[in-house]
Each structure stands twice: as C-alpha cells, then as structure tokens.
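Labels A, B, C, D and E are assigned to the chains in the order they are written; within every chain, residues are numbered from 1.
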Amino acid sequence: MAKNQSEVSGVFTTGSKSQPSTIKPKSPFTHPLLLGSIFPALLVVVWELLSRSEVFPAYQLPAPSVILETIVGMAEDGTLWGHVGITFYRVLMGFLLGTAAAVVLGSLVGFYKHAEALFDPLIQAFRSIPSLAWVPLFILWMGIGEPSKIAMIAVGVFFPVYLNIVSGISGVDRKLIEVGKMYGLNTFQLVRRIILPAALPSFLVGLRSGLGLGWMFVVAAELMGASQGLGYLLVVGQNTLAPETIIASIVLFAVIGKLSDWVLKKLETRTLHWQDRAAKS
Amino acid sequence: MAKNQSEVSGVFTTGSKSQPSTIKPKSPFTHPLLLGSIFPALLVVVWELLSRSEVFPAYQLPAPSVILETIVGMAEDGTLWGHVGITFYRVLMGFLLGTAAAVVLGSLVGFYKHAEALFDPLIQAFRSIPSLAWVPLFILWMGIGEPSKIAMIAVGVFFPVYLNIVSGISGVDRKLIEVGKMYGLNTFQLVRRIILPAALPSFLVGLRSGLGLGWMFVVAAELMGASQGLGYLLVVGQNTLAPETIIASIVLFAVIGKLSDWVLKKLETRTLHWQDRAAKS
Amino acid sequence: MSLQLERVGRTFAGKAAVQDVSFRAEPGEIIGLLGTSGCGKSTLLRAISGLDTEFDGLIEINNKKVDDIQKTTGFMFQEPRLLPWLNVLDNVTFGLEGNREEKKKKAGRYLESVGLADSEKLYPKQLSGGMAQRVAIARALATSPEILLLDEPFSALDAFTKMQLQDLLLEVWRSYQSTMVLVTHDVDEAAYLCDRIIVLRGQPGKVEREITITEPRPRERGSSEQAAYKAEILASLDLTTDTA
Amino acid sequence: MSLQLERVGRTFAGKAAVQDVSFRAEPGEIIGLLGTSGCGKSTLLRAISGLDTEFDGLIEINNKKVDDIQKTTGFMFQEPRLLPWLNVLDNVTFGLEGNREEKKKKAGRYLESVGLADSEKLYPKQLSGGMAQRVAIARALATSPEILLLDEPFSALDAFTKMQLQDLLLEVWRSYQSTMVLVTHDVDEAAYLCDRIIVLRGQPGKVEREITITEPRPRERGSSEQAAYKAEILASLDLTTDTA
Amino acid sequence: TAGCSSSASSEGAPDKIRLDYAYYSPTSLVLKKFGWAEEEFEEEGIEIEWALSQGSNKALEFLNSDSVDFGSTAGAAALMSKANGAPIKNVYIYSKPEWTALVTSKGSGISSLEDLKGKKVAATLGTDPYIFLLRALEAEGVPADELEIVNLQHGDGASALTSGQVDAWSGLDPHMARLELESDAELFYRNPDFNTYGFLNVREEFAEKHPEYVDRVIKVYEKARKWVQDNPEEAAELLAEEAEIKEEVAIKQLERNDFSEPVPGEVHRDALIEAGKVLQESETIDPEANIEELTDELIDPSFAEETISE
C-alpha cells in the first residue's frame, strides 16, 4: 500500500521498487498494520480487565482469555478445524454460486431494459426477506443436505452482488460503450470487454458486500440440519446457554470473515490500479 | 422512466414533454409494469394450483389465497397495521442511524489514510458477524427495549453503506478532486461539494443494499422481546408451526421491502440524471 | 466507399442542433467539416457513424440507407476515449482482429508512427493530453476503416507533431483509399488535407458553403495555392461570426 | 504577483518528465510555454499550481517558497473538467464566493463573454467539446486569480471564437493585472498574447530557448512584427522535432 | 437454602417488577391477560413490565442481562444456564407439561425406539426434546450412536418429518399438536416424566433484595394457575388467541399440561438430575460439574412452600 505517495507516481504499474530513493520512509508508528491493531487490542484489553474485575460476569460475557482457551481447546481436540473447514467450504461454494447467478442476471438486467422490467421487481422484493424466513422454504424445496445450505448462502451473496453489478453497469460512461460499439463488438463482447471492466469497482464492492452477507447467512444455512460449522456452534451455544461457545463462534466469524475480505481487498487493489485516484491525505 | 429514448436526448433536464412527437409510442405489451408483473403473477398462479392439488400440503405451504386471507384478516382486526407500523418505524430509525454513522465513518476512512488504517480493519471484521450472533450482546448492552432493536437494525444498515461510501470515495476521479482543491476548498467542503456528489451512484447503491439488510436484521432485532412486528410474526409463526403466519410475514417483508426500495430507486433516477449513461437496448 | 447525406438534421429535446445538411463523398474523398463551436459537427459525425439513429433525413453508404453501426466505419472521437484499464498497446489493439502477435505488431507499427514506441506499457492516466490523442489516432488508423470519421484529431498537438501526423494520415489514405470526413478548426489543415470543405454556420448549423480544392497531392504547405484556399476558407468562416 | 521557478524538474517512477526549468515572471507578465507533446508543460503547471508537490527544485510566488495550493492561483486544466452533476451556470459559480445573486450575475457575465448565455441550464453531457472548453474558461476567469495557469485553453475552438476569447483574456489581464502562464501549441496565439515565450524541448523536457516579445499591446494580428516573432518561434520549435 | 422467607430484611420495594410471558407458559398468558399482577402491586405504585420470551434461551438471556426479574423456561435450560454460572433460582413450577414426545408419520413402520436404529431423527440440540430423546433411548436400551440425530429447530424438524427428510422427530408443542391434528403424524413414544417441567426462575439478586415480592408474584401466579385449572376451555381459547394458533391445537396442548403441582420438589429435582446426566454425557454440560449440587442451588422451594401453604 503506497498510499502516501503522490497520486501521479504510478507506483502500481511501473515498479518504483527500482527507485527506493523516491519513497519517503514510513514512520514505524503510523504503519497501517500497527494502527489497525490499536482498536482491536484496546477492545481486548478493556474487555479482559472488565471481565477480571467482574463488571462482566462470566455467565454474561466471558473474558477474552477464556474465549481464547475455548478456541485453543477446540483446536487441540481437533473440532475447530471441522467447524471452520465445513463453514468455509459452504461459504466458498455459496459465494461462487451466488456470484455466478448475480453476474448473469445482473448483466442482463443492467443491459436490456426488457430484462430489467421482467426480473428486477421480483428480485428487489426478495431482497428484503430475512435469512431465517428462507429456512423453512429451503428445507421444503431442497431438504436438509449440503445443497440447501450452499443455496442458502448463495442467496445471501446474490443480492449485493446483483445490485452493485446493475448499478455499476448503468453507471458506465456512454463514451466508452460507444468506443466498443464502433469496433463492432456484439453485446456479449461489449459486456465482457467494456462494461464489466468499467463496472469493476462497483462489482468488487458487490463481491465484498456479498461475501459478508454470505457469512451472515451461514447461521440460517446451518440451522438446516448441520452437525458442524460456525453457525451450528453459535446456535448450539445459544440453545445450551453457553456464552463462551457463542462468543468463540463470533470471534471466529470475525477473524475468518476478515481474512476472506482481505483476499478480496487485495484483489481490488490489484485489479483497479488503473483508476486515476487521488492520494489520501 | 424514459429508458427507450436516445441517450443524448437529455429528457431529464430539458423537458421533452413539449415535443411528444419525438417520443416513440410504447407498446402496451412491453410496458415495464406489465412485464414486471409476469413473474410474480406466474409464481402465484403456479403455487395456488400446486396447493389446490395438494402437491404442497397446507401445513407445509398454504395456498396464496390462504395467505391473502390471513393478511386480510390481520388487516381487518387491525393487528396488521401494528406489526407493519412498528417494524417500519424500527427500520426507518435504524436506517437513519446506520446511514449517519456510515457516512461519517465512511467519509473519514475514504479520505484519510490514517483513519483507514485505524478503523477499517475492525469494521471489516465485524462485517461478517451474523445478526443472530449480535442478539445476546445487544440484550446485554442495551436491554430489550426499543433502543437495542433500532441499534441492531442500524448495524445491518451500516456495513453496506459504509463499504460503498469508502469505495465510492476512493473511486472519485482525481481530476475532479483537483478542481475542488484549486478553488481552495477545505477538506469538509471537498467532501460535500465534490466527493459525495461524485460518489453518489455508489452511495445510493449502498443505501439500497443497506436498507435491504436493515429489513433482514428486523428478525434478530425483534427476537429481543418484541411483541409486535413482522420479525415477531415470523418467529411466532415458526415457534407455533403456523406456516400461513410465516408465509404472510415473508410476503409482507417482500412487499414493504420492495416499496421502500422503490422510493430509493426513484431518488436514484432523480439525483443521477446528470450521469452520461448509455441507453439500454 | 461512397457516403451520402440528404437533408440530415438533429434535434435535441426540441432544440435543433443542426439542420438540412446534404453532401456526397465519393470513394476515397476527404471531406473537411468546418464551423464555429457548437454548430453540430460532432453531431453530424455521430449520425454518420450510426451511433446516433435519431437524426432526420437520410444517410447512405454505397447508396444503401444505413442507420446502424457499420464495421467498416472508423471513428476518432473528439476526446481520446481511451479505455483506462488497458495500457497504450492494448488500447490500440482493442479493435483489431487476428492473432495476438499480429495485432501487437500492427499496433506497435502505428504507435511508432505517432511517436509513442516507448510508451506502450503506460496506462492512460500516465499520458499527457497530446499523447492520449496520438494513441487515439493510432487506434483509429490501425483498423484501416473504409470510412474514417475524424473529430478534431490533431487539436492537442504541437505544430510539428501535427504536420507529421497529417502526413501519416495521407499515407494511410493512399494505402487504403479510405473515404474520410474530417472535422477541424485548423484552416491550414483543412486546405492541406481535404478535397472538399463544407462550412457550417449558425446555431442550428446549416451548410454555408462548399469549397472544392482541386490542387493535386502531394500539396506543398505554405504554397501560394494553399494560401489562396486558406484565405477563401477564412472568408467563408468570417461571415459565420456575425451570427455567432 | 511574481512567480519564480528554479531548476524545477519532475520524475515519475524513475523517469524524468521535465528537468531543470528556471524562469521568472514579473507581476502582470504573460509567459508562454511551448514544446512538443509530452515534454512536460502540463507537469510544470501542476507543480506551479501546488497540486503536485513531488517536484524537485524551487518554486516561489512573491519570493516566498510555496509547495501548497494558493487561493490566489487559478488553473484552467487541459481538459474542461466540468463537474458533471452541475449545470453550466453552477459550474461557473463553483469557485466563486459571495451571495448567490452576485455569484450568478458574475458567472452570467462571463458566460455571455464566451458566447454561452443561452446554455446556462445545460448539463456537461449536453455540451459540445468547444462549449465545454468555453465553460472552463469562464470558470477560470470568473475568480479573477492573481496567477492564472492556462493549459491549452483554446485548443478546441474555431479560429474566430479563439480570437474573441484571446481578446477576452487580454481584457481580464488589463483589469486585474494577473500574472499568466499559458501553454499553447498555437504559434500565432503565443506571439499575440505573450510577453515572453519559453520553448521546451526533448523528453525529458528542458528549456531550449526564451523569446521575449517587446511589441506593445494592443498588437495587431497578422502584422509584420507578429509574423517575425512567429517565424522565430517556429524556428526554435523546429529544432525540437529533431529529437522527438 | 438461601433466601429464607419474607422475614429476612429487605431493601424495600422495587420500582418495578419485570415479568416475562411465553406461549409455552399458559399461566403467564392468563396472568398478563387479567392484569392480576398489576392489580396486586398497583397500590404501592410498582410498575409491571412484560417481555415476550420466544423460547427458554431468550428468557434466560433476558434474566442474565437483567432485562427481566422473572423468566419462564424449561427446567433443563435453567440447569444448563446455572451450570454456566447464571445467578438464577427456580421458585415455582408453572406446569408439568408433556410438551415433548417422539413423533413419526403414519406408515413409517416405526412404533418403538428399537425401530429407530439406522434412522434419522430430528431434534434441537440442548433442548427438552433432545434430552427426552436421549433419556428415552437410554431407558429402552438403544445406544444413541445407532441412529442419526439431525439438529433442526423445532419447527424445521416438524417440516422435515412431514416432507420425509427425517424418519422421526422429537417434537415439541404446539408444533406437535398441530402436526397430530393436521397431518398423519403419530406420537409413538410418550413419557411425561422425561420432560423437565416449566420453571419460573427469578434473578438471585431480586430474590435477595425483595423476597416478599417473590412471594407475592408467586401468589398471583397461583391465582392464574387456579383459573387455568378451573377454566380449561377459556384457557385454551386464550392461548389460541394470544399465540395465534388454532383452538384445537391449543386444547390439545393444554390437555398435555398438568397444572396440579406448583411447588418445586423432589420429583423436579430428580428429573433435572437425570436430564443433567444426559447432558453431561453429550458434553453440553461440563462433565466435571456436580449436577446434584447445581440442582440444589437452582431449585429453591422455600418461597412457594411458604406462599402456597398460607
């Protein structure tokens, strides 16, 4: 992240690494990683202190150290990897499925006004149905196996990706579309070579939003007969009134969600280097 | 919606109404409203038929007519307005709160690289925590009154709005920002007069995404001791095995969610008329 | 290919931008389109290109009515319109067909002609205004279109680069016998390049005059014939200012 | 206000774009900046404006080192850079201060001067290239900056509109005694407007020559003095092409 | 046990008393409906606040976060929370429900626990039906690992059963009652004693500060309980109306509730200990914990004994 360089230095593309002399040395105190850890660290410390001093009794909110122990315990007896692994697998599959559906439908709706009139109203209506409401319907349609869980997550992923694609497409500058048309591109090529790249910033936000929602839908998905997974852990924790299980699952959601988002964010900086962005102050 | 007019006719701004002769008459069969009703209508008819022929037994999936009766029944005995009203109120307040927080934090993070390093990692981590996971924490922090419900919805609204604002801001063309700087705008003015308008398309998608998520978070919010509301209705339906209540609440979610989205969409076409968009084919 | 406009006009939301323009370009002819700012030159080119189909009147290519985009038509827009996510080379290969290597070679050749051989890997945000315009020229020429529409192609170039590229254009014209319509504000340029010059005037723009330049090519810049034509064009433009 | 550059240069990711440029502009002087496409003219203006602070060397305004944006400096960019969500009038009032009515009146006056009195309500997407450029000119002039940086301000205009606006510029200069730095490719324009002309050459660009024009204003277009200066400028530019 | 009677020094009257109501506790619905609690405390200016509990775990979250003073739960849920250190005690039994049983659909060929071997059975982990299933299996000598227990929420278990995705379901009222009435579901294994009773719990802090008010809440609960016993039809009607379920379903559900034993006692203790052992075996309660001690800490019959014998 070369954010404190000039906006015109083109660091992403021309490899300024050969010219270290032009890069101002970063102060170690304002290193992003360090800055980024301030709040989480503060949170953990304050929470630990409050727990130790019993402002938060353990039956309400166990101390971070207890949570960590719980997680380490799960890691040691091996159940952690099962929970994390299966949930990660479900989210990944659901994410791919939901994104694929959103790209296809979103491109159609963004591009053809009849497709918009046809599909968009229904999709917009479905968009505000809570994940829990889908549960009985999905069980009815798809049973309680893996497919219904993945489909449920795909539903969550679908909406933000769809919304961002449609809006991204309709925000594409007419001028660039005209360039494509002049070179005789057909609709499909136009979408692939002009519209998707131009709508990429919006598409990527959609992906990140969608992935977040995918993690959120895990709980509903794993209400459908799961015997493993983070959502399962959360619900069992709530059913058995075990706060450390609940909080451990929340922490795991946060950590793994953050990691998966980080991957997409990297992708974003990689693929959007061509944007003519202003430098942040 | 003048989508089938030429992209260069500037209908939004110069009032082509005085020149009806240049507007091609719309075929009544491709009117957007009509097209948009095809799928919902089809859905309802097929579902009704399947229910009548008992492919879907009533205790699993009641017929649309039964759902309609349920809703009309609620409307007649007046409970419907209570449920819809209170939920609408909660979503509205949560939406305003969440949006306000997202605008403030999103502008900071989008604009200052230190703010980004400081806040963004934590926010991104929180983003993938499911709504149900927040419930015990919110009860703990804020009790079971209205504030905790509204705060819960605000959390849902916050994330997509935040994400879209940050990305919208960093996608603003450097060239326009420089114009603002040359006219001596300070940071605040720059945000208000250049960055927010330029990031508006992205911001509006964020709002629509956030509103959708707000509706989704209603269920979690109304688990916190509500005795009225659409989310309450859904959960009661699930706890008392009343599929007609469940489906009625889903339908209400869809309809009201769609209506609220429609308002935002209107706002979008209003405020984005200046975009140089291509006409849809 | 021949190109024919008959009483072409365009109205935007009730306000006419250009009216009643008719002319014919024979295959291989270079037509200049001159006129004050805002008189409808770009609008006419858009109509000819097929991007805009809402015009009034008739446009024919090879005596066949068209109101759609033709693959054989090339358009260099008034702005460079480079695709910001492609580097210079990829922007030029954008419209080309064939295998990768061939496309690259061809694009490279044109980039060299416009003096940008070193800048192949740069992205649009790293280009100067004139460089971006030259990339756009290379992109338009590389597809060797049979009808080439040029909207102020050299406006951002210094006098000498401009001359070089004018000659490049003539070279392309000689090899492919493209029919060209060239919008320009540079009277020298019009006199040097065009077979016929159409001067638009007023708002809405109408055809004010047609000037045919019979001087054979290669023409000599600064020759007395050129000076005479230039004076004639200037005179016809001068009238226009009265109504501006 | 006076403006001084001392050995100013700029390097992009290891590649020098412009090097070692020094000159001084006295209060009220109009400096012309000429050179081939890509030799660093816009880069220099960005450095003077304060938008780019990564340059090498020293820039002083009124003998005080600056490396930040000055409110008294106006910059007309090479592209119009209109704000697409504001109509023409609001784009011009954008940088103005004072109450609404006053701002509108002032903007309206400048819009009239550039021939766009009728187009106040149009949005940027509805403008022709030259109209957009004229809005940008009106916006830059309306704030009456003490230092005015102009990057090819008239490049998209026809010959006659261009002359009118050159005279408008001189009028503004007379009223406010702004110090101006003008990038242009038009040799006539440089000879007509400038007190001194700095010719850049090469890539990275370096100062090739400085030409001082002593002819008092008002100057007469097409006069023999003008022709002589023009020839001199052209000659100095001509050398440049050898290295392009 | 602690909190002995109203003679202990109290810190005066609370400003308000926060009660919960739940569709699984008909007594609470009656109490809320008739406003007897409000009546009882009106003179002293004490406000009554009602919160709806959507399940035992919500009621316990409310209790633990000091959002209510009294919460209605299943006995086992209260025990689990106690095992995690929740400062609550059980002071009253609002009913002895037979709210759970094993259900299958007609023609499934399942008629005993023996038949469940190799089959899928839906149950919600950690809740009464789950405990019921495990205790039933133990009682009949069928090892739990010979069948597949599918973790589904109560309502989803019912749907899964009717759509044939599981072979049996450890059901919960009112889902179970509705299924019995409207589809061809059959209860093939019942045992009221394997249910863990309806516990009314109070926060320990409240009980310590205001013991006499605990007594008085029990008093109004008693009034409601008696009313339910005397007016079973009206009670069913009320339940149907409040929970928005059909009246037949409500009647069936109430039929399976025994309102005769309000004072926590030995039976309740034994039932909880058995449940606790089952939960320990499945590791939902820490295997190290001393269930009997926990049960003794949880159940405090002194308030009810005193009030009801009055």
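As a working rule, a residue touches a chain if its C-beta (ideal position, glycine included) is under 8 Å from a C-beta of that chain, and two chains touch if they have at least 3 such contacts.
If you're wondering where the values come from, they're calculated on a predicted model, not measured in any experiment.
K.L.:
Which is the least count of steps on a path of touching chains running from chain D to chain E?
P.N.:
So the least number of steps between the two chains is 2.
K.L.:
Would you indicate which pair of chains has the most C-beta pairs in contact?
P.N.:
Chains A-B share more contact pairs than any other pair.
K.L.:
Farthest chain from chain C, going by the mean of C-alpha atoms per chain?
P.N.:
E
K.L.:
So what's the Cα centroid distance for chain A and chain D, whole Å?
P.N.:
That gives a centre separation of 47 Å.
K.L.:
Measure off the straight-line distance from the CA centroid of chain A to the CA centroid of chain E, and report it in whole Å.
P.N.:
Roughly 40 Å separates the two chain centres.
K.L.:
Pull out every residue in chain A that's touching 2 or more other chains.
P.N.:
8, 10, 14, 60, 135-136, 140, 174-175, 178, 235, 238, 243, 275-276
K.L.:
Please set out, as single numbers or ranges, the residues of chain C touching at least two other chains.
P.N.:
Within chain C, the residues that touch at least two other chains are 12, 79, 125-126.
K.L.:
Residues touching two or more other chains, restricted to chain E: which are they?
P.N.:
Each of 64-65, 153, 155-156, 159, 163 in chain E touches at least two other chains.
K.L.:
Of all residues in chain C, which touch chain D in the complex?
P.N.:
12, 34-38, 41-43, 78-79, 115, 126-131, 133-134, 151-152, 155-162, 164, 185, 187, 234, 237-238, 240-241, 244
K.L.:
Which bits of chain A are touching chain B when the two form their complex?
P.N.:
3-4, 7, 30-33, 35-40, 43, 60-61, 110-114, 116-122, 124-133, 135-137, 140, 159-160, 163-164, 167, 170-175, 177-178, 187, 201-202, 204-205, 208-209, 211-213, 215-219, 231, 234-235, 238, 243, 246, 249-250, 253-258, 260-262, 265, 272, 275-278, 280-281
K.L.:
Inside the complex, what are the residues of chain B that reach chain D?
P.N.:
Result: residues 8, 10, 13-14, 175-176, 178-179, 181-184, 193-194, 197-198, 200, 273-276 of chain B touch chain D.
K.L.:
Would you pull the chain B residues touching chain E in the complex into a rising list?
P.N.:
Contact set of chain B toward chain E: 57-60, 135-136, 139-140, 143-144, 223, 225-227, 232, 235-236, 238-242, 245.
K.L.:
Using the touch definition from the top, list the residues of chain D that touch chain B in their complex.
P.N.:
49, 51, 69, 71, 73-75, 77, 79, 81, 83-87, 94-95, 121-126, 143
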